[in-house]
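Before we start, here is the structure in question, set down as structure tokens.
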Amino acid sequence: MTRTGISVKRFTAWRRRPWAGYAVVLAALAAIGVIYAGFSPQTDRAEAANANQAAAQASLENGKELFNKNCASCHGMNGEGVKDKDGRAIAPSLLGVGAASVDFQVSTGRMPAMNPGAQMPRKPPIAAFDTRIEKNYETPEEREEAHERQAEAQQNLDDLITYITSLDPGGPPIPPASAVDPSKGKVALGGKLFRTNCAQCHNFTGQGGALTGGKYAPPLSRDDVTPTQIYEAMLTGPQAMPVFNDSTLTPEEKQAIIAYVVQTREEPNASAAGLGRIGPVSEGLVAWLVGLGMLVLAAMWITAKKPKKLKKS
Amino acid sequence: MTETTAGATAVKTPKAVDGSLNWLDDRFGSTGFFKRNVKKVFPDHWSFMLGEIALYSFIILLLTGTYLTLWFKPSMIEVVYDGSYQPLKGVQMSEAYASTLDISFDVRGGLLMRQIHHWAALLFVASIMAHMLRVFFTGAYRKPREINWLIGIGMFTLAMVEGLFGYSLPDDLLSGTGLRITQGVAESIPVVGTYIYMFLFGGEFPGTDIVSRMYMLHILLIPGLILGLVTAHMMIMWHQKHTAMPVKHQTETQVYGYPFYPVFMAKTGAYFLFTFGVLALLGAFAQINPVWLFGPYDPGAISSGSQPDFYMGILEGSLRIMPPWEISAWGHTVTLSVLIPALLPLGLVFGGAAAWPFLEQWITGDKRLHHVNDRPRNAPVRTGAGMAMVAFYGILWLAGANDVIAERFHVSLFATTWFFRFAVFLGPLLAYIITKRVCLSLQRRDADTVAHGVESGIILMSPEGGFSEKHEPATPEEKVVLLSKETARGEAPAVDANGIPAPSSKGPIGHLRSRLQRAWTFDDIPVEEGHGHGDGHGNGHGDGNGHGDVSERKNPQQIGH
Amino acid sequence: MSDENETTGSPEPREHGDRIIGTPSPATQRNLIVEDDEAPAPAGAGAELDEGEAKRAERVVAALFVLAFFASLGFMVYFVGWSGRHGGMHGLERTRESNMWLGGLMALAFLAMGVGVTIWVRRLMTSKPIIQERHEFSATPDDRSAFATDVLEGAQDSGLKRPLLRRTLLLAAAPLGLAPLFLLRDLGPLPEKKLRSTYWGEAVRKAQAQGRRGVRLVVDGTDRALRVSDFAAPGSMITVLPEGMEKDVPHEDVLTQMAKSVTILINVPADQFKPAPGRENWHIGGIVAYSKICTHVGCPAALYEQTTHHILCPCHQSTFDATDAAKVVFGPAARPLPQLPLAEEDGYIIATADFPEPIGPSFWERG
């Protein structure tokens, strides 16, 4: 306990220094270098084993550092969660939540949370974890750099997950890429399951919807909602969302739902304006403002006083 | 110009025209009728065309609707979809839904007709509402046009039911939800509810009959009734002549405007083209009711943000904000939380609108014919009551979208419900008070303009060094409009000349009538020429002095009740 | 429809009574052109046109009409030439394309014509505004009383005053008006006890006939029976139906049975679950089942928030507490969602009886 107490103090003082950010980046770069070396094919087995061990250690260290910096203030130094004096959870325990949960919360930017509200909003992940880096730069150097930053962010995320799961193993893992590939899901089945189990909150077309107390079901129609995140959300039930574990909805069924969500949002509208795909509310608004509005303008023109030029006749 | 009107004898008519007219005349004696009507005068105002939008939307609905029936199959038999919309391939659905998908994706131009049909339906109801508001606020429903007002309300009601049945036909998840709610409301009717429900659906919900039954009502019975009422509406309007706005040359005894043939005919023809054009534009570029995204109806599925089309919003909103009241006694249940919202708001709007012309006549004692419209400001109680009704309707309508509001603006869902629970009572009250105040201050400004003219923007300096703005008298046209205001008749005296109480003010009903009449007239502001105050400028004609000199005003006649 | 519609400009009063219907009106000059320079005339041109202006306007209108012609032509050309290529429409992309072309061209044709006609009216029509008299609707008192006399005379002549005749006629007519209502009787069955039970009851009876304690719950959409261990994660929710419904119920009746028996299964944390008195053994460690049909007007109340344990109906926002026998927390619903008694058999979740009360909206006979 004392050890952590001291380290918190030292860490708090340390992270305020102007060079702290760079130091983290450097450390991360070093870690990547080590890992890269670890996976490098030239190294022989013994070396590889050593390197792997070292890499794992570095990874854990980096994860811990990131955790202390970004998560510990709310979730506690050991991820045990924090309660207020009435015993209500301010931040839930992270012990045993599983990799999928951490990956979902951090990659959607919900964690680290900025300020507590009715619900944590989706937002761009903080720089250290932002894997969605723009890569279409003009010069190869810039592209290279972007790739590096992305790899680094991915590594940071992996390290954080490694660290948190090391506190208490258990909980669902991150689904493999093949399990979330929308092109392999059965869209028709996914549609049926989506309408029965998801649409009541997220709307037919994934536009989201209101819940009680200022909470809401977020839209699934945005492009940055990745198939992996959808899978993880079903698996872990973040915030108000119920859990759909793999024995209630099997991985194939989840894949079907993902296929339906992705297919629906990528499908074009049958006309130029989709009107938000939320149905009659926006349609009524358009009928009044555009339809009736244009016709009132036409009526005003038809019944307007005769043009000046003809008036003299 | 004058030659053409001087009579057919003066002009040599081409044989084709002459021949066919004679042919008709020999058989029907129609020339007299045509001759009397061909130059019928129609007064011009943009707001007189709102009703035409409804008429033309209805024609477009008939045309596009007929087209849709060629492919639509009103059947609830379950089929497996095998059309060209990939995501639903292999899904079980009703034949109604499958044929709607076929119209959308496999019939060329089918989606366009579907979208125009749906947009036209929305525009139909929207323009009926706008037209009705125009008629109300200008007092065009007054004697002799009360019957046409009632016919209009009848058509509005039918249009709502027609729309509900129409959008329920495709049997998609959204409309099925609406149907489920309709069923729940029917079921909750006391005593006969379950029978009505079972008879309507041919058994338990959803059964296999409802789509074909609604189809018959939607394409035959209700449009037939609307068509009959439209015809009556138009014939009465033609016979009574259209009302006119209070401008120069428009009086109670004459109407001023362009002749039916050729000007009005061309204008209204152009307007039909505009209506069809705007609807085609919407149908081409704005997606409406994309049933393929909603999926087939499934009683276990539901979507957030499930709303009816806008004209049903008032019902949806009142259902949402109702507290959970239910009475259970002697083995029977009455669900007030369904019955009150289903009956009361629409009953209030339609019943109130239907009763209003007669109520107004009873209160004001005005039994004269009216052909020239009121300016809304000149009847502040009517305008205020109308705005209160608009607020009432609008608030319930918005309450029907409270989840969309909560979601888009990130407010608590229950907070919106509570807001609307209060707003539905306070909003109309506030609307009434504000509208009446605005009307009265506009009246005051009119009175000022008549008395002192319009501010010219020219500043004069007097020899003493004071500054004043030069006022120019209003133009004659402006004066006609301003002076169209009729000074309110005073209250009928409670006792006649012999001290005997007037029959109309006796008893509680009589007292109520007197009180209402006072409320109608007491703060009226006279607008008349030569009624100037020494220093005018806006503070002259206050509320207080509106009473005493009633007998000296124009139109002083007392009407006995 | 009356067409008594004469127009006269003179203020002289109309001659009432001394004109026989069908004879021409005494006014020879029927329309009066308003000679008024100050009044800004409403839309329309004056009596004489400036020929140059008129020529220009004519060309503009003609150009618009030609545009409308080409738009309609384009509509047909597109329809024949393009919309049907490669064997007709194929799904959304082609629909989108043809919808925009056909609709756009159609709109262009109508709007161009509308604009053209409007310009024509405003620039080229030489009609002037005219004044017509608004006539009184009412007939003269003499006419009215003559008509009233006719009516009374007719009644007299017909012998309608004979009471026996009149009353028996009414007697004969009344049932004639009611009889058609009887034809509507077979619109549907009588409600009887249909609303009091769901397919769960029948399914449980069938299962018990086979020696089991109850019917298994299957996931709606996949028909997979759920084991208790399958549903162990707290905060889980899924829509379930009785096992065998798809097979045993006649095809056309499936949706109807489903509309009553659709149920949500929720795993509420056991420590927060407060079973209602008498229902202590209706849940399996916090796994609890409620009817999905809202007690307000029957929408599927399916929106479960695992943090607050509220079940929200997305239609009218009735909110129920899943930890507390689905009691109403907010909204217009007056009664809790009916609860389905659950138990465990061979590791599977089963229902041991039907809902104890009618599901869905309240009705008169419900009690």
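Note that the chains take the letters A, B and C in the order they are written out, and that residue 1 is the start of every chain.
Operating definition for what follows: a contact is a pair of C-beta atoms (placed from the backbone, for glycine too) under 8 Å apart; a residue touches a chain by one contact, two chains touch by 3 or more.
Treat the numbers as computed from the prediction; the structure is a model and nothing was measured.
Student: Is the number of contacting C-beta pairs greater for A-B or for A-C?
Tutor: A-B
Student: State which chain is most central when centres are taken as means of Cα atoms.
Tutor: Given all protein C-alpha atoms shown, the central chain works out to be C.
Student: Please compute the C-alpha centroid of subunit B, do the same for subunit C, then give the distance between them in whole Å.
Tutor: Their C-alpha centroids are separated by 18 Å.
Student: Just curious, how far off is subunit B from subunit A if you go by their C-alpha centres, in Å?
Tutor: Their C-alpha centroids are separated by 48 Å.
Student: Using Cα averages as centroids, what's the distance between subunit A and subunit C in whole Å?
Tutor: It comes to 40 Å between the two C-alpha centres.
Student: What are the residues of subunit C that contact at least two other chains?
Tutor: Residue numbers touching two or more other chains: 40, 42-44, 47, 92, 95, 99-100, 103, 114, 118, 121, 220, 239, 300, 302-303, 314, 330.
Student: Which residues of subunit A are in contact with two or more other chains?
Tutor: Answer for subunit A, listing residues that touch two or more other chains: 192, 196, 200-201, 209, 211-213, 267, 269-272, 298, 302-304.
Student: Quick one: which residues in subunit B touch 2 or more of the other chains?
Tutor: Counting only residues that touch two or more other chains, subunit B contributes 44, 86, 104, 111, 115, 267, 270-271, 274, 278, 281, 283-285, 298, 300-306, 403, 413-414.
Student: Mind listing the subunit A positions that touch subunit B in their complex?
Tutor: Within the complex, subunit A contacts subunit B at residues 118, 187-188, 191-192, 195-196, 199-205, 207-214, 216-217, 260, 263-264, 267, 269-275, 277-281, 283-288, 290-292, 294-296, 298-300, 302-304.
Student: Mind listing the subunit C positions that touch subunit B in their complex?
Tutor: Listed in rising order, the residues of subunit C that touch subunit B are 1-7, 22, 28-31, 33-34, 36, 38-40, 42-44, 47, 79, 83-84, 88-92, 95, 98-100, 102-104, 106-111, 113-115, 117-118, 120-121, 125-134, 136-137, 184, 187-191, 194-195, 220, 239, 241, 251-252, 254-256, 258-260, 262, 292, 296-300, 302-303, 314-318, 328, 330-335, 360-367.
Student: Would you tell me which residues of subunit A are touching subunit C in their complex?
Tutor: Touch residues, subunit A against subunit C: 189, 192-193, 196-197, 200-201, 209, 211-213, 215, 237, 239-245, 247-250, 253, 267-272, 298, 301-307, 309-313.
Student: Across the complex, what residues on subunit C touch subunit A?
Tutor: Interface residues on the subunit C side: 40-50, 53, 92-93, 95-96, 99-100, 103, 114, 118, 121-123, 219-222, 224, 226-227, 229-239, 266-267, 300, 302-308, 310, 312, 314, 319, 330.
Student: Looking at the complex, which residues from subunit B come into contact with subunit A?
Tutor: 44-50, 53, 86-91, 104, 111, 115, 118-119, 122-123, 126-127, 130, 173-174, 267, 270-271, 274-275, 278-279, 281-290, 293-295, 298, 300-310, 313, 401, 403-404, 406-407, 410-415
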